[in-house]
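Here's the structure we're looking at; comments come further down.
Labels run A, B, C and D following the written order; every chain starts at residue 1.
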Amino acid sequence: MQREQTTALSAALNPPSLAAAINAKGFSHAAGFRIVAAEPGRAEVALARREDLVQFFGHFHGGVITALADQAAGIAVTSGLPAGRIGVTVEIKVNFLEPADGSELVARAKTLKMSGSIGVATVEVFSKNEASETLCAFCTATMRALDLPPEFR
Amino acid sequence: MQREQTTALSAALNPPSLAAAINAKGFSHAAGFRIVAAEPGRAEVALARREDLVQFFGHFHGGVITALADQAAGIAVTSGLPAGRIGVTVEIKVNFLEPADGSELVARAKTLKMSGSIGVATVEVFSKNEASETLCAFCTATMRALDLPPEFR
Amino acid sequence: MQREQTTALSAALNPPSLAAAINAKGFSHAAGFRIVAAEPGRAEVALARREDLVQFFGHFHGGVITALADQAAGIAVTSGLPAGRIGVTVEIKVNFLEPADGSELVARAKTLKMSGSIGVATVEVFSKNEASETLCAFCTATMRALDLPPEFR
Amino acid sequence: MQREQTTALSAALNPPSLAAAINAKGFSHAAGFRIVAAEPGRAEVALARREDLVQFFGHFHGGVITALADQAAGIAVTSGLPAGRIGVTVEIKVNFLEPADGSELVARAKTLKMSGSIGVATVEVFSKNEASETLCAFCTATMRALDLPPEFR
């Protein structure tokens, strides 16, 4: 990740434990999402191929690619919010560029803009095979910042 | 489904077995996607809530919602193509409107337009609880028609 | 417009003059946008073809179609807000389905959802020629409600 | 424009006159779109502020921003196609990030992917004031390559 391009979004970082907590539940946990990096305005999340994550042709399912991109966008945006706040997805759009036929996916998100309660992030998703990686999907997500309900703090 | 509004897209229907085959593999099978209806230009696909399909707050994960919408769009478009052709997703966009906190999701897709090799479908996704259902997401997907590779026929 | 399908969004209507004021300035005025109908959660805006509104092939320019859809979405959402509030566009997505080669465009917007400060509208844009009309574009817009600055009230 | 990052899309360049021709007609001509740069997979198009191009608050109208982004995407994609082919817009999505309140807009497009007849481009749109520029919109466009009809060659 290119740290020098990171927009300074917020001095007040969320506890890194929030990103871990987001990732440790439900679908992201069951699918095996792995946080590679998280900092204000940036996140990288990876996922190894499994037979229960593919579509008809044996490539990663578009919904799984979207889930990974969404998770990376959410962590990038949330990492830039004050403690006690979380970004939830208002809408997401994904272009599928190449078959996601690698052994691993990596989603790299960066926040384009955070102002008021609205954040926008772009995510590049790469399909990896050993040393090479191919841009297989490009995503833009609009997020809304919420106060974390007390039971989740 | 409102059959009277169905645009006559193609007299040549895909074998219904193609929709079943699409759904019987990988993520859609593992998650438990269930085809409720499929006809040229229309499809309805349902999914029961499970703990491995939710996000941080315990609602259906946005990526799972997108996967279901994508599947319904793909079946609606593919059902309108000549035998031996299949629709693959070029891009998808989803607005999340309400928390998907029901016990079941239902995605209802219809083809807006199919011309040349490009099809566009909209999908309404409802979160269901007993008798009531709430529109929780709205999706538009652009599909491209391909010849099914011989090994999938 | 099908009034019976209109979601009751807000009892407090904006002064109808706001929709007229939005439309009477800048590009929408110069291009000749015409408000056909506006009520809470619904709007219809029309535009006659002119040589300065087309693209390379002589059809309405995609940006002009988007501008008309955006205006209709903004008026549908704003009409459902309390007086003194206005909807501004967070993001917009448009699928172009058919050449917009008619003598007039009509954009029909409806609000899918308005909650908190976020509204989502879909817009169907039709290309008209005498009696017939063709769905030429489909749009989804996400809006954010703002207080009107004092100088605009 | 960062030439070193340009993907080599095609050795066969369209005559540069096609980009000029696209821009010299209809809305883009009337609004005053100005091609700053065009090469295979890249384009930059600028537009000076005028009172007939703004919205209610006096900033560039969202539809005008979209038109400029669309034009830049079309020129980037078309410049990478073999002679006699042109890219037309299948769908476009735009996030509006900041008020476009500058004296000029600049749209910078790059092709992410061109394969078969489908191309995808991203466009950054900047609002400029003297020396400074602000990213005011981010766009993704899906294009389809067509043979230019004989009357346009």
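One rule holds for everything that comes next: contacts are C-beta pairs under 8 Å (C-beta built on N, C-alpha and C of every residue); 3 or more make two chains touch, one makes a residue touch a chain.
Everything numeric here is computed off the predicted structure, so don't read it as measured data.
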Seminar exercise, completed: By label, the chains that touch chain A as well as chain C are B, D
Problem set entry | A-D or C-D - the one linked by more C-beta pairs in contact | C-D
For this session: Sort the other chains by how far their Cα centres are from that of chain D and give me the top one.
Result: B
Exercise. In angstrom, rounded to a whole number, how far apart do the mean CA points of chain B and chain D lie?
Worked result: 33
For this session: Return the distance between the CA-based centres of chain A and chain D, expressed in whole Å.
Result: 28
For this session: Find the geometric centre of each of chain C and chain D from their Cα atoms only, then give the gap between the two centres in Å, rounded to an integer.
Result: 23
For this session: For chain D, jot down the residues that touch at least 2 other chains.
Result: 90-91, 93, 95, 120, 140, 142
Exercise. Among line, ring, star, complete and other, which one matches the pattern of chain touches?
Worked result: complete
Exercise. In the complex of these two chains, what residues of chain B are touching chain A?
Worked result: 21-22, 25-30, 51-58, 61-64, 66-71, 86, 88-96, 149, 152
Exercise. Given the complex with chain D, which residues does chain A contribute to the contact?
Worked result: 93, 95, 97-98, 112-113, 115, 120, 122, 135, 138, 140, 142
Seminar exercise, completed: Within the complex, chain C is touched by chain A residues 90-91, 93, 117-118, 120, 140, 142, 144
